[in-house]
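Both complexes shown next keep chain A, but they swap its partner, so chain B is in the first and chain C is in the second.
On to the complex of A and B.
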């Protein structure tokens, strides 16, 4: 029981998730329903997949602002190249594009020493430019219905998108918590110079995490395009901000060295449940923006008070 | 080469200045003139007064906002909420224009924009919360407030022939377009404020070392608060230009501006860590972005190719700056 209490104290966002869950269960007759729960998971999966990768990058003390643009590029390639390469080929090229953009960001951040915020800010603008040039500012539609059928299909009675999200959450959690790479994520984020002195190859380590988040953004974009059976050049706009919001809500510090996949999952679910519940209550979506913005600031405020009481000094 | 470099620093001839340090310090100015020369040679329309004002016009909205944000960044913080704030202010001034007339609409818009700026300032200055997350939260909250205000509809000025409001976006004064004039005059005023007043020096002090500044008796909280008021003020000025130019406004018109503004500020060499930067260099940074846009368009490249060039230019500029301070081209990690 004490352990449970301690872990809740570490993850204040889960209290909020539970509170929202209970509130909407009573407030709306349509909320407490297995169909709606899988709905929430599907809605959460787009931001969620990127947030999993972003957690690694942010615990590292870095940030990736280019994920929204990468998502659009991967989706456009995966749909746009289908006539030439077939579905499998096009999807592979889409995933590869995410890996390449991540690798490019990682190598630049590693070799030049320029702050990841600036490196990925540049990439965000540049990659979005690439998307507009490649697509000619037009939306692409998947001609082969098998593509959009995949987005609507189910695995073990749950929608495939929700399944992939849950699967990747488990993989990321294991990777972060029980592997050497995961331990190094915290070491590099906590004190980069000390990690280097301790023999961790900081550059290649960060490169891997950038590739991971690039891959996740591409995966998320391709899944989103299978759901719609189409891709638009404006896809994923502002997703970098939503992703960072989810990760920060989950308790990951912007300064690095602290965070968890469980927390990130909480942050992602908080956003998804809030959106879903308010939607069911027919509250206009504008109010969700105001509430989410306020919650982000309140969580930050509570976290700061909490860490000051513990004598940890100034938190993120 | 060495003699040439030394001539830039009389009296310090025994101090080595490596080419790396030279380019790190003056790279952005060199890049600016390089842009001008290249575009002048490759197109015949580039080098004209008309085109010069066109470039400044294009730069005026992002540039005016960037002036205030430069103060915030020098003070060691970030402001990601200026894009949403621009949407809010533009929608407000356009909507109020038809309801209470331009004479009342403009001051009201300034009041409400500064009010939101002071919320930023209070949270970051007085509660000392992380500026990136607070302004990220405000970005979404302000967007929400704007949508609630308009009910999701776009606004416009019904009678755009019969109002003096068009002067800010479309007017001319002494042969200079008014948006360019607003940009240039605010840049000059703020450059003087930054360099010649105690407020400007204090902003450098809190950005360079906040704790040291606090112990030297500076009111850090109030200073941070003022920098956010300033960025809200310049955003309101930009909204005046934007609303008047379009004579209407979409409710997400400023979406994405915050990052373009930051790109200009960073390109000008203002360090995101705070404590260094200058208004003149921010102006140069923003103008380079506008020059690239203008030049590539004149050369007939697709519109979005400028974004690719921006990508390269931003990273190259910051890399040079860092490499010069480090004394080595590549990092040791």
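On to the complex of A and C.
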């Protein structure tokens, strides 16, 4: 019981997830259903995949605001280049674009020492411009139906998007918790100078995390485009805000040094369950925003209270 | 962790009980009221303009006035991804009909397909979805844009007295509405007024500023322009402004479509000559009626249009000023 209490203190967002779960199970006859659970996972996967990568970057004490634009660019390339390169080639170019933007963000932040907030803010604006130039402000459509069939397909009886999300969550959790790189994520975020003294190559380390989040944003965008069989130039607007909200809801500190994938998963599910449940209860979507805003502040308040009591900085 | 697992089990039990209770009440109410239809709608972007805001309100009002209809009213906020999520949620609720106001005519096609595969008929409202989706939908409810184009051609012909040289400002390239209005206008104009010549056609992208620049180019290129046809009033007023700043507005006839408040006002001032009146409330009521007919299993026209009459200076008193 003590252990449960301790983990709840660490992950206050899961209380909210459970509360939502119980509430909607009673409130809507359509909520408690395996079909709906996979629905929620699919709906969570877009923000969720980016949030996994963002957790690494934010524990590092950095942030990446360019993920929404990266998502749009990757989706546009993966759909738009299909006539020339075929599906596989176009998807690879899409993923590569995410990796490149991540690398660019990381290298600029590392070499110039400019704050990641500013670097990625610039990337967010610039990459969106790139998307508009490349697409000519028009939507692209996949002629090959195999592309949208992939988005509708299932693996082990669950939709492929949900499966990839679960798989990447496990991978990210293991990477963060059980590898040297994962340990270093906390060390760099907790105290950058000390991490440097201890022999961690901080620059390349952060670069890796920026590449990781760029890749995840691209992956997320491409999966989203398979669900639509299309890409639109406005895809992923505001997704950086939702991603950061999910990560912060999950207990990761904006100042760095503290956070977890389990928490991020909770934050992502909180948003997805709220949206899904509210849709089932047909509450206008504006209320979801009010509730999420309030929850964000409450979670941070709880977090601050407990962290002050314990005085702890680093944890997983 | 063990504690958490067992609590999950408890929740599962509770959930099953509530599900059972839910289906029980659903069954009872089903017996009491023979045919209650549940209609779900996912709209494009309600807050973005007053056409869509008025549409939503009119839809809700119409649903309240109709017996045996429950509605689930959702808004995608202009986000395709969210609209697809909402279609999933509507399928999950097993509504009888889904009405969709597409955020993107092509990108929603897989979602429409999913609904059809789940056995739920889809009615598309306001703007149609792409060709690939046509076999998947039960009906389209909205304005007849070919007819709107034809109406504009007739008004242009009347006001010019059958002769003249005109320019055309079209909507967003690639949009069905833009293409249909252009086709309707050009085809009908050739029939009723073979002596009116279209000098040039350029896109204004539904945007007033863009239309103004397009018109400025026309004014430079052509010394004589007798009339301007714009794909909607927003662009028509942009063209009017361009002509006014060159002091050439008086020599031209301005005809638009989808009467906007700015077009209505310009018409009242005598500067603007004709448009097509498209009421968001009619749009909403037509969508709901079509969906109910589909739910009842009635035969419905695949293309279910609502009336969009001509509006000119002469009859504008019969119409309320548009809210958008």
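Basically, the second predicted complex is superposed on the first by the 308 of 316 C-alpha atoms of A that agree within 3 Å, B and C clash if a C-alpha of one lies under 4 Å from a C-alpha of the other, contacts with A are read in each partner's own complex, and residues count from 1 in each chain.
Here is the rule we go by: a contact is a pair of C-beta atoms (placed from the backbone, for glycine too) under 8 Å apart; a residue touches a chain by one contact, two chains touch by 3 or more.
The structure displayed is predicted, hence computed values, not measured ones.
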item: Touching partner for A:138 - first (chain B), second (chain C), both, neither; value: second
item: Touched partner set for A:284, first chain B, second chain C, both or neither; value: both
item: Which of chain B and chain C A:130 touches, first, second, both or neither; value: first
item: Partner chain(s) touched by A:275 [first = chain B, second = chain C, both, neither]; value: second
item: First (chain B), second (chain C), both or neither touched by A:85; value: neither
item: Partner chain(s) touched by A:158 [first = chain B, second = chain C, both, neither]; value: neither
item: Which superposed partner A:110 touches (first chain B, second chain C, both, neither); value: first
item: Partner chain in contact with A:121 - chain B first, chain C second, else both or neither; value: first
item: Touching partner for A:196 - first (chain B), second (chain C), both, neither; value: first
item: Partner, of chain C and chain B, that touches more residues belonging to chain A; value: B
item: Overlap of the chain B and chain C footprints on chain A, listed as residue numbers; value: 237, 284
item: Footprint of chain A on chain B - complex, ascending; value: 80, 123, 127-130, 132-134, 136-145, 147-148, 152, 255-256, 259-260, 262-263, 266, 272, 302-308, 310-312, 314-315, 318-319, 322-323, 326, 330-333
item: Residues of chain A defined as touching chain B within the complex; value: 65, 108, 110-115, 117-119, 121-130, 132-133, 192, 196, 202-203, 206, 237-238, 241, 244-245, 248, 254, 284, 286-297, 300-301, 304, 314, 316
item: List of chain C residues in touch with chain A within their complex; value: 1, 3-4, 7, 11-12, 14-16, 18-19, 22-23, 26, 71-75, 77-82, 84-86, 88-90, 92-94, 104, 106-111, 113-114, 130, 174
item: Contact set on chain A toward chain C in their complex; value: 1, 3-4, 18, 21-22, 25-26, 29-33, 35-36, 39, 42-43, 46, 138-139, 141, 148, 151-152, 224, 227-232, 234-235, 237, 275-276, 279-280, 282, 284-285
